[in-house]
Every structure is written in C-alpha cells, then in structure tokens.
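Right after this note come the structures.
Shared between the two complexes below is chain A, which pairs with chain B and chain C, respectively.
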Partner chain A sequence: MGLREVLTPFTVWKHVFDEPVTIKNPIGRPAADRYRGFHQNDMASCIGCGTCEAICQNAAIDMVPVDGIETRTGDSGLRPQIDYGRCCWCALCVDVCMTGSLTMSNEYTWVDTDPDAFRFVPGLEEPWKDDEEGYEREGKRVLSGIERIHMEEMPPETRISNFEEIVDGYSRAEAILEADRCVECGLCVATCPAHMSIPDYIAAVRDQDYDRGLEILYETNPFSEVCGRVCTHKCETSCAALHEGDPIAIRWLKRHIVDEVPFDRRLELIGKPAAPTGRKVAIIGAGPAGLTAAFDLARAGHGVVVFEALSHAGGMMRYGIPEYRLPYEALDRDIGVIEAMGVEIRTNCRVGRDVTMDALRRDYDSVILAIGLNMGRSTRVPGTEGPGVEKAVDLLRRITDGEEVPVPERLVVIGGGNVAMDIARSMARLQMQKYGRVGVTLTALEDIDHFLADREEIVESREEGVQIFDARGPQEVVRDESGAVTGLRTWRVKSIFDADGRFAPAYDEGDEQIHEGTMVIEAIGQMADTSLLEEALTEALEWNRGRIRIDGAFRTSEPWLFAAGDAVKGPDVINAVADGHRVARTVMDELAAREVMQ
Partner chain B sequence: MFNFKPDRTQYPAADADGKLEIDLETGKYLKLWQGPNHPGITGNMSVELTVCGDEVVEGKTHVGYLHRGFEKLMERRTFIQVFPIVCRVCVPEPDFNEYCYAAAVEDLAGIEVPEYATWMRTLILEMGRFNSYMMFLGGIGGALGLGITGQWMTYVRDLMLDRFEELTGARIYHMFILPGGVRGHLPEGFEARMEEVLSTAERYLDDIDKVMFSNSVFKTRTKGVGVIDPKLFEPYGVTGPNARAGGVAKDLRKDSPYLVYDQLDFEVATATDSDIFARATVRRGDVQTSIDLIRQILRKMPKDGPAMARIPNVLHWKIPRGETYIKGECSRGEYGYYLVTDGTGYPRRINVRGPSYTHAMALLEHLIPGTNISDVAALMVSLHTYPPEIER
Partner chain C sequence: MEMRHLHALLKQRHSLGQLEPKGGKLAFVTVPRENLRGLLTELRDVHGFTHLVLLTAVDWMEDGLFQLTYMLNNRGRDMTLGIRVMLDRQEAQGDSIHDLWPTAATYQRELKEMFGIDFPGSPRIDEEFILEGWTDLPPYRRDFDSLAYSQQTYAERPGRVTHDPREYMKSKLYPDGV
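Showing the complex of A and B:
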C-alpha cells in the first residue's frame, strides 16, 4: 500500500465547489409526459362499462352512479370511483379502457389532510380534472381484440340466383376467437329487449360448453336459432367494443351455439314441462310473440292451443323473412321445441271464420292476441290503385307459399326498411332466375345514413344489383294509356319531419326523376288486421291510435284478453319474444290469482 | 498493521455438528442485533450476532419482517393481474421480475414477442442493472463509513430514474414489461438524454475509483475479508458477481443468452480473490459493461415496430396446463420464475428464485463467524442482497 492510495481520495475535494446535486424541493418540477399520476376520465366518452373495475387487481375501482349522468343505451350511467388507498398506479385500467376515456394526470404529489379526498370519481371532482395529461395508452387497446372475426358468406354472384342461406356461420375455432373479444360488461343485456344473458352464453362458447350455452339461450329466448340469424341485434349497437373497433358478433355467436347442439340434444336439455295445471290458454297467431308465450305457458304446465290462419306456423318469421336469411328448417326446429312442450298449433284455422272469439272466451281461461301486422300500407300516391302495384308483405307471403308471383324485368320498390330490402332482394333473385339479370330500383324517403334497414342489408342489396335511390319521395305511379305501370315519379326529399317532429315530408319539386319499371312494390309499413274481433268486442275494447290499448303487463281493457307482439308494440322478432315472455308472465299470475280466489 | 487476527482459543469449541455451545450467563458473550432497522442492513432483515469483545462468534440471519406473500397473492390473480404485483418483489431491480414473469407466461401461452419489444426489454433490464449497481456502490462505501459515495450514486441513480420515468411512466415500479411485449416506444430524443446520463455516470464513477477503489482504508478493510471459498459456490448456490469474484466466469447473459444478448458484444468482469474487494471490483466492471450495453442497444435496436404481440383478451385469459422456468442474470446472480399453469385463468403456482435467498441467509451465516463487528455491514453489503426478494 503506497502513499498514492492515501492521497488519491483527496483529489475528489475538487467537488467542494460544485453546486449541490440534490434537489431541495421536488414539488413543482414537471413530471415526464407519460408519468402515471392520479386518474382523469373524460366523462362524455366514458360508457361505464366497468372493464377498469374488472381488471383492477387491488379492487381499487368501484363503479358508482353519478349525478347528471343517465343510464341509456350503451352507457350504464356509472363511472369509476378510485380509492387511492388501494390503487398501485399500474394503469391497467387505462390500457384496458374500451373507449380510451381513462387517462392519468401528470402530477407528482397531492397533499390533503382529509383522507376521504383520496377516493374520488375522476373527471367529476374539480381539483384533478384540468391537470396536465400524463400517461395515456399508446394507440388503440391491445388487451382485448379490436377486429371482428370475419364471417364467411356466399359471394353475390353465387347467391343471387337462389334462395340458399347466405351466411356460413362460424367454425368452432372462429367462434372461440370472436367470443374471446367480449369483456363481459353486460351493456348488451340491458339493450336486448329480451335481456338475454349475452356475456354468459359467450363465455359458454369460449369454454366450448354448448349444452350450457343452449340452456342459457332458452332461459330468455325460445327463438334463438331464428334470432341467431335475423335478429336486429340492438345489443351490437351498445357493445363496448365498438368504440375502438368492431362490436362483438353477438348474433352469430348465438347462432353458433344452436348450430353446435343437435336437435335431439336440444330437446333433452330443455326437458319436460311441469305437471299439468288444468288451465287452458288460447293464443291467436303463431308468430314469435304468440309462440314464445305458448312456450312459457306450456312449460309451466298450462294447456295451450295456438290458432294460426295460415298453413304454417311462424308468422312473419316464415312469411316475411326470405329463406336466404332464415331457412325454413331453422324456424321449424325452434317451433319443434315449442311443440315438444305440448303446445298444440292449429294451422289453417282463422279466428273469426273457423272459430269465434266468443267460443275462445268460453272454452279457455285466457286468450292472448298476437296477430302481428300482416296488412301492407299504401303510400296512396296517385296511380297506386290498380294492377301492377303490390304490397311487399303480400308478395313475400306468396313467395313463401310457393305461389307463382308476377316477375317483371324492371320494378321499383318504395321503402327503406328491412321489408323493402327483403322484397327487393327476393324479386332480384326471381328476376335472375327468369331473365338472367337484376332490374330492381329501390327508393326511400330517408337518406342512406338514416335508412331503417340494417346496414348489411343495404350493403348486400347493392352487391346483388339493387339500385338504391335515397331521399326520394314518391309522387305518382306512372301508367301508360292502357293503364299499365311504366314507372314511379319521385321528388328529392328536403326534410321528412316538420319543426314539431311530425311526419310532413318537404320536397324539392325541381328535382324530379322517373324510375322505370312495370311493377311498383310498396314496403312502407304494415298494419294489423283486427277484423277477427268483430263489432261488439271492437266496441268494447279501448284503442290507442289504431292499436289495441294495453297496460304495462299486456292486459287489454277486457280482463280475459291479453295482447302482445307487433300488433300492439313491435317492431321485430326479439321484441316480440320479449313481449311473449311478459304476457305469459301476466297470464300465469292472473291464473294463479284466480286459483287463490276460488 | 491493520490485520485483525483474533486468538480463537478463548472461544468455545464447536460440537460434532459445528454448533457452538455459548453460555451467555458467563458474561463473556453478548447478543447484538444488527437490524432490522440498521444502516448496515440492506433491507428489512436482521442478523443476530453473538460477540465476544468486538469479534463475532456466531451470526444468525432472521427474515420475515417484510413477508408480503407475493407468491400466494399471485395464485389469486389472473395472469394480467399478476403483472403489477411482480415488480414489487424486488424494489431496487424490479424489472427482472417483470421480464421473467412475462417470459414465463409467453412461453406457456405460446406467444412470440415482437423484435422491438425484446430489444426494449434488454434496454430496461440493463438500465435496472445499472441502478442496482448504483445502490451497491453507494452502499458498500456507506458500510465502511464513506458517506459521499452514497450521495453521488444516489444522484446518478436519480438521473437514470428520470429516464425510467420518461420511458415507462414511473420511477421505481415501472410496470412496463407485460406479457406480450412492452407498453410503449422510446420517447423522442431519448437517446441523447440517456447519453447525458451515462457520461455523467462515468464521470462520477471515475471519482468512485479514486475515492473508494484507490483508497487505502477501503482496500485494507475489504481485502482478505469475507472470503468465500469457491468450493462453497456449488453447495451454497452462489451465482452472479459473488461467484465471478471467485474466478468463476459464469453469466447467464453469455452462458444461455436470452432476449438479444447474443447480438451484443460484451465481456463479463471477473476477479480471483473472492473477498469483499474482489466483489466490489467485479461490480465496478459490470456497471461499465451495462453502460456500454445501453449504448450498444440504443444504437442497434430497431427504430420502430410493434411493441406488443397479439394476446388473448386478458380478462379471461386461460393458459394450458404446463410448467416452465425462465431465468436471467440480474445484478445479483441468477434470477428465475418457475410458473405452473393448470389450464385455468390463474397461475397454479409461481416460485421466485432470487439470489438473495441463498446469499443473504445460509451463506452470510457461514461467513460471519470470525469477523469484526464493524465488518459485518460491509460483508453483508458485499453479497449484494435485497431482503424483499427473499420474502416473496
């Protein structure tokens, strides 16, 4: 050991003149851009899905109601409240956030003497709302899938010449991947009219437990095979995943479950109905509302007879929806399960003709009216009276019944809803079979972004050669000297509703078009045929703007008569199913009450 | 002249098991607790010393002050929820936990990590190693009364924490390496700011060489003290710098390269004497290696690319039945995660293999007898152990 090693350490004395390196007061120094400080939440874009709450490993997040934020479609009305006694600032909540509303502030410290101040709803309390932004997720979320698994469909050139089902359905591998994207927030459950347990049956798909999945489906919907194909899937419009990607393909996953369970196994899983109660219920109309009510009532042990005027059960599901969207076998299987519950369906039996309402009232404990909307409405523009002008629902019914329908080379459809699309696409197929080419023009009052039809219906119609003219108001069905239809004259629509929101279309008369065609099909809505009620009952019942008035539990003003489905509410299968359940519940309650009274 | 050569004949003989029979009633011996609150202890543990005069006759290590039950907690968390917990297993070098856990999950779930993320992970691990060594160099000086090293190294570490903050969003628990990749890309201008930190660090390390490694007091108190016989390396599970200081050039970065270490040029530092001084010099060499590696990584890493692989929805991520052991060379030796999965959404078992467990308990107990009381702190620090990582 030399003298050098004694002296060298002293050379660092040069630092004695340095500025101190420690910072006296770190508060006030700006943090890095990504610093994970206290949370911030953009209240307007947050949907209260609770995914942040689900991922938090410290249970630091509670979803709480907040003043001024209402529950609505796609928004639970709840907002995350964060307890900073538990938070570990990992920011997984930020990464998993479905809308990107949750971020963190760029603030190092916060001193407060009140411990409760450290539990607050970010975005609501003032102190933190306007702080500089800190950590936010880089790009879109990566902790759950963004893109929907592609659904194989028959290409337009193949499908246009036939009525075969277009959509292939998911394979098991595809379904698992799609089901994996679901974050189980349950916003869809609130939106679904029948409140199906969507996250639960999606979980069953993930677990490949199709028996469990099917049982879950049947808890809320005996028409899962139908709804798995043609549901208007409002659930997918409230899905949390749509904010930064595609909504979960809820409808296709429902179909996948039913596709995976053989019919016999389905019957086994549904089991047997309860012991007979000796009560009898008559249901008029074998559509989704009537048959759902029949299923529930029969399962509970009541005797149920369904009266159907047409030759087959199914209502609009069979006579309104074309086969390329809903094959008849699929519908038959759903109805088969309902019949297996002991429901008797009397087809070709029109109430009012083959059996009277009075007889039903006399022979049954209760009667449910589920007659749907089967009469097409007319625009009543000049020229609609006479040959060459058809109603969409009539044509669709005739196509289903296998009747010969007139198929002109060029035709015009009026309407922008799903029925308009159904008839346009059905006629396009018939034209293809007859002439080898499609000649369908579709006009609608609404502009294309506000069509009532589902988006995919518009896309697929166009793929199949249907020409769509949006924002066109029909003025006259043009006829030649012999009275034959030659086309439809339309004006451009300036607005559909007046300042008070009433239906009062305004047109630009200068922008006129004649859409050529030798047939005009009106698809602008339907109404109920209530002639079966006959005069005395029609008089006795209370009405609400042309519809039978019902209360919240689907009772009419006559104590023995209930009404449900499109005829009183609408507008689609899943709503009819929901109504069917509710009316059945009411009827069962009434029957039980009568039991007690006796 | 400073050599401490006690006359061992005055102490009780050991029995057949090597256990000393100490009768405290004689007044000859004294129990002295070093820790759990003591500047010479590297964390929340304590050493129960039996001293005779100023010589330590026996030392027992006590842990359990910090037990947070991490491994058990992890069994009650989903795979993504474990991610924020693991870094807390080791405070001074948390990133190794994040890497090992993420790599174990990826191994069992069959996930391939994007190239950018593997470079980024290597960068993070070297930054973490650098910081860990800053604590060591500050601590070893402090244990021998050289307070200034602690201040300088804390300063330099703080500068690196600034880089961690801008890169990861946090200073201590970075939570940046998650199963599937990393959470982000390098911020704009990061390389220049990092170079500033590294050159500042090199300036201060030069001063450390002068004030500590060329200091006769430091040398005298550390050379020949706390020697670990290389024969003990195997039975005591000694790895990392502690083994390299005894001439065993083992380094997992070289021996079984992980991440991108096979694409980087570096030599592992070694020494031969296996004493406190040798262990300190190995770490001094290692910290320079880390500085060079950080520069190399920033030069060689891809400028862009995906930071995350496509992973299943983390809210119901199930991993097939399997088991794996992922290891790497942390600043203290072999660090590893043993993960067992059973096909559910939760880990069946996670076991953390930290080098502190072997170094700070059995090995320390073995090394303590015969040292001077004032050397126990330096001895413990020289093993570079972190009690939080023992008690997971």
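Showing the complex of A and C:
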C-alpha cells in the first residue's frame, strides 16, 4: 500500500460541512413518474381473464371474486389479487394485460405491521388507485398478436359466377400463428352454446396435434366441420383479444383441425359405439339437433332411426345454407361419421305421410321431434298473394335439390338476416350465370348496424353487387295490369318497436320508394310445420306462443315425446347441436330410469 | 447519411453485415466474432466512439445462439452504434475487451453470472456479481424456469385461493354443464 492510498480517505473531510445529497427521511419521497409501484386495476375494463396470473413468474397473483362484480358474457367476474410478498415488480402482468386495465402506480412506500395487508385486490380502496403517475405500457399489448392472421378468400369477381367455396382455410403455418395469439383464458367457453373446449383445441393446433384436436372437438360437437365454416361464432364476441385487436379466429381454427384429419382417421379416432342396449329411439328430422342427439344416443349403444322428409339428411345445413359457404361434401363427412355410429337415416320418409306418430310411439322407446323451421313466413303486405312472390327457404331448398328456379333480371329481397343474405347471394350467382350481371335489391326494417345477419355476410353481399336498402318497411308488392310483379313499395322506418318493446314498426310515409324487380323474395323468418303431429296429439300437447312447450330438459308434456332444435328454441346450428346433446342426455336418463323401474 | 458513410468506410477493412438504422442517430450492425476487436478499436480510436454505453446479451435459444450487443457512443456527433456478435450457445464464450474499456469487465462479469457466457481473461470473471450462492441455471437463460424456481425457493403465505376463469364462469353461468 502506498502513501496515496493512506492519505486519500482524509481528502473527503473537506465535504464535511456540505449540504448532504441523501434524504434524511425517504418515506413520502415521490418516485419517478414511470416507477413501478403498487398495482392499479380499472375494475370496469378488467375482464378477469387471468392472463396476469398466468404470466406471473412469481405466482404472486390469484384470481378472486369481488363484491359487486358480476360474472357475465366476456367477463369472468374475477379480479387479480396480488401478494406483494412474492411480487418482484417486473410488470409482465401489465405488459400482458389483454384490456390495458392493469397498470402500476409509482407508490412504493407503505408500512404496515400486518403482513396480510400486503395481499389485496388492486382497484378497490387504495389511496393511489387513481394516481396518474406510475407504469403503464405504451400503446397496445405486444406480448400476444393484435391482428388476426389473414384468411384468403376467393375475390368477388371470381366467386360471383359460381357456387364454389369462398374461404380457403388456413395453412398449418398460418394456423399456428393464429393459435399463438390465444391466451387460453377460456372466457369464450361460456358463450359457446355447446361449451366447446375452445382453448384446448386451439392449444392442439399450436402443438400440431390434430388427432388430439379432433377428439376434443367431438367431445362437444359432431358438426365441427360444418361449424368450422358456418357457425355464428358468438364465442369470438367474448374473446379477450378483441379489447385491443382482433378476436381469435376460433371458427377458422376449428375448421383447420377437421381439414387436417382425413375422414378415415376421424372414424378411427372416434372409435366404436358402446355395446347395444336394446333400446330404440326415433328422431324426426335429420338436421343438426336431431343428428347430434342421434350421435350421442348411438354412441351410448341405443338403436337410433332418423326420419327425414327430404331426399338428403342435413336439414337447414344442406337446404338453407348455400354451397359457397358450406360445400355439401363437408356436411356429408360430418353426417358420415354419425352414420358410422350405426344411426339409420330414412330419407324421403315424411312422418304423417309415410309413417304415423302413433306407429313411432308404439315401436320406439322414445321419440324426439327435431323438425326445425322450414316454412317461410310472409309479410302479408298487399300483393304478396300470387305468382312472382317467393319464400327464401323454398327457393334455397329448390336450388339445393338442383331444381330449375325462376331467375329474373331484377329482384327484391325482404329481410336483413342470414337467410336473406343467403338467398340474395344465391340469386345473384344465378343471375350472373344467366345474364352476366347481378340485379338484386335487399330491403330490411333494421338499419344496417342492427341487421341480424353476420357482418361478413353483409360485406360479402355488397362485394357481390347486392344493393342494400336499410330501414325500409315493405308496404306493397306492386303489380301491373296483368298481375305481374314490377317492384316493391317501401316506406322509411322510423322505429321498429314501440315503447313497451313490442314489434310495431312506425314509418315515415313521406319517404316512399319503389324498388324495381319482377320477383319479390320474402326472408323475414320461418315457422315449424307441425301438421305431422295430427289433431289428437296437437290437442294433447301444451303449447307456448305457437311452439311446443318444453321444460328445461326438452321434455314435452307427453312423457314419450321430446323436442329440440329450431322448432322449439333456435336460432342457429351451434344452438341446435347444444340442444341435441341435452335432449339426448334427457332421453338417456329417462331410459335408464325406466330400466330401474322394470 | 453519416451512419451510412461510416458503414461504407468501415466495410473496406472489416467484414460487416447490413446496416440496420433505427432513426438517424442509432444503428446496428452484426460482425463475425473474429472481427470484433479490430472494429471496436477503430471505432474508438479513429471515429470518436469513445464511450461503451453497455454490453448485453440476448438468448436466441431456438437458434442455438447468444447475441452480444456492444453499444458504442460518439458524444461529439451524438451517434450510437450497436455492434452485434453471435456466439454459439453451447460453447458460450466471448472475447474480453476489458483492455479497451475497463468498464467492460463489470458487464462481462454480469453476463457470466446471468447468461453463463464466459470471457476468459476478464478480471474477477468468476466472482459472484449480484447472485449469492446461486446453484441453478444462469437465470437469464431462457430455459431457466423462473416460476418453478420461485415456487421451490419461496414459501407460500397460507390462505391463498385462486379460481380458473373458465371453471368459475361455468359454476356461475351453467353449473349443470348445459
């Protein structure tokens, strides 16, 4: 050690009377603006997805119920509780937060003798809960992708002249990227009517385990190939990702799984049904509700016969949904799996004509009515009686059956739901084939933001040249002296419902338009054709506003008869699938109960 | 303009990758390991990049690489150049530059501890830096499981309960499963 090292320490003595740069009492000293202190959580925008808990590397976060926060669609009702004995203030939870509700204050000093005080739900009472300073991520989240992976579709000018499928489907690489955006919170599961295990099958895509994915799909939905194309995908409206970006393409990922598994492999994975029970169930109607029930019952070993009035099975999936949205082969594969379970489908067999309800009641242990809604409703405005006015469902059925349908150069569709879009777009294709141009006008009571049709249906209709007039109320089908249709007269809609919420459209009579066309197609809703029940049974059954009354388990007032699907509930394929499962469950419980009784 | 000019100039003598500009005053460039020392020396002694702002690493586990980033600053011209060197993750050895910038020794000690990247010859390279008695994988390596470590290492306060959002929603909205 040299002299310098010995003397240097004494040189600091010259500072002995300087103002100290340290702070005597650091408690109460404000931290930097972006300091990461105790958390803040905006209770109203938090959705309780638990992604903060999932990412926390210290297991410092629990998801807990909070008074006054209700569980509802898209919000679990849970909120993060943080244990500051474990938190390391890394702010990964803030960075990953799906809504941006979770932030950090710059408050970091707090003294308490109770260790449990340092475990609390941020956003309730803390004095710093509304402080502006502290850490929040800049811009949108970056730890999971904001934008949906683009889906390739046939461009309008190519697709308008044919009925080929529009949507390409994801490649494996695209599907992995899209699946990667999912944080597996599971908020969507409650929204799906069939409560499909959405995060689990998306994880299977990410893991490239399509066998597992397919098995997961079949646990809850034997129409996954259909639903992967045409589901109303309400799940995507409760996706955590939509708060700062696009919701996960749940429907397309489901389709992708089925696309990746060859049909024979599908049969192998699903396996054989249980040993025969000797019980027999008749199902009327081979739509999604009836066939789902058939699948479940057959899997459990019951004998199932499905009676279908039309020439092919599928119900509205075949006769309502056009081929460009749902190719028939895709539907046939889903039905093929159900038939492989031993379900017998008797097509061209109309109950009431070819077989009676009495015979079914006598020959089967139970009967399930799943007849759907196949009769179009009419607006009944003047002029609807007579030639030139059609019902959308009738036309769609005839197009599917390959029948020649009248195709005028100009026509008018009434209705703003998916059926209206289906017929408008189908007729547009036929017009293109016949005349080389589209002449479809669509009018609906609702304004465009309140159409019942899916958003993409509206967008694609417009791309294909369908002219949409929203908030127009039909007043008369205009006919010339010879009685031929020349157009539809409408008034502007001021409101659709009255003060009590009843359907009572009010019009601005001064705002009148005539929409030209030599055909008017009504697509304003359907009803069930219950004539097959015949008089005695119709009398015996309890009804509810024109629908057969059922209880929560899909029992009618007759102990041998059950009813499900659009005819009693609705309104779409996935709800029909959910109904099919539930009615099958009830029937199986009843059959088991009878077994015990005997 | 200046960055590109410098890049073109340096490229005459060193094997440089593409210049990746990030705005006017910041750019990155990747060089082979054997070119690092020569490049750093020229930048420091000829081009005024006298300040080593930092030395840090990124674990590209899937590619089997560690990336070292040397941030150099030219105070006079307010320019920052990030020099990247890719190392084999298996071997995990870099070349010490403590003789060019004495502060590098501290960064290198940190990288040794946090990533397990060795810099033979760097002063006190094997001494503990901030982790005392660490026995696990270097914690900044991406295969280090932070959650498992914290669960093993730190006690849980009693009384904690959590809920899975999906199951909780089921119990609230459709308890019988339908």
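What we mean here is this: the second predicted complex is superposed on the first by the 576 of 598 C-alpha atoms of A that agree within 3 Å, B and C clash if a C-alpha of one lies under 4 Å from a C-alpha of the other, contacts with A are read in each partner's own complex, and residues count from 1 in each chain.
One rule holds in what follows: a residue touches a chain if its C-beta (ideal position, glycine included) is under 8 Å from a C-beta of that chain, and two chains touch if they have at least 3 such contacts.
Being a predicted model, the structure only gives us computed values, none of them experimental.
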For the combined arrangement obtained by superposing on chain A, do chain B and chain C clash, or do they fit? clash
Between chain B and chain C, point out the one touching more chain A residues. B
Just to be sure I read the superposition right, which of the two partners does A:203 touch: chain B = first, chain C = second, or both, or neither? first
Applying the document's definition of touch, where does A:578 land relative to chain B and chain C: first, second, both, or neither? second
If you stack the two complexes on chain A, which partner ends up touching A:361: first (chain B), second (chain C), both, or neither? neither
Go through the superposed model and pick first if A:333 touches only chain B, second if only chain C, both, or neither. neither
Once the structures are superposed on A, label A:71 by its partner contacts, choosing first (chain B), second (chain C), both or neither. second
If you stack the two complexes on chain A, which partner ends up touching A:57: first (chain B), second (chain C), both, or neither? both
Would you check which partner chain A:9 touches, where first means chain B only, second means chain C only, and both and neither mean what they say? first
Can A:36 be said to touch chain B (first), chain C (second), both, or neither? first
After the overlay on chain A, which stretch of chain B ends up in the same space as chain C: 258-266, 276-284 or 366-374? 258-266
Identify the residues of chain A that lie in both the chain B contact region and the chain C contact region. 57
Which part of chain A faces chain C closely enough to touch in the complex? 48-50, 53, 56-59, 61-65, 71, 76-78, 83, 85-86, 115-116, 119, 185-187, 189-190, 195, 199, 578, 581-582, 585
Show which residues of chain A lie in contact with chain B when the two form their complex. 1, 4-6, 8-9, 11-12, 15, 21-22, 31-36, 51, 54-55, 57, 88-92, 95-96, 104, 134-135, 138, 142-145, 180-184, 203, 206
Touching residues (chain side chain B, partner chain A) in the complex: 77-78, 80-85, 148, 151-152, 155, 162, 165-170, 173, 175, 180, 183-185, 187, 207, 210-212, 214-216, 219-220, 307-308, 310-316
Interfacial residue positions of chain C with respect to chain A in the complex: 146-147, 150-151, 154, 156-157, 159-166, 168-170, 172-174, 177-178
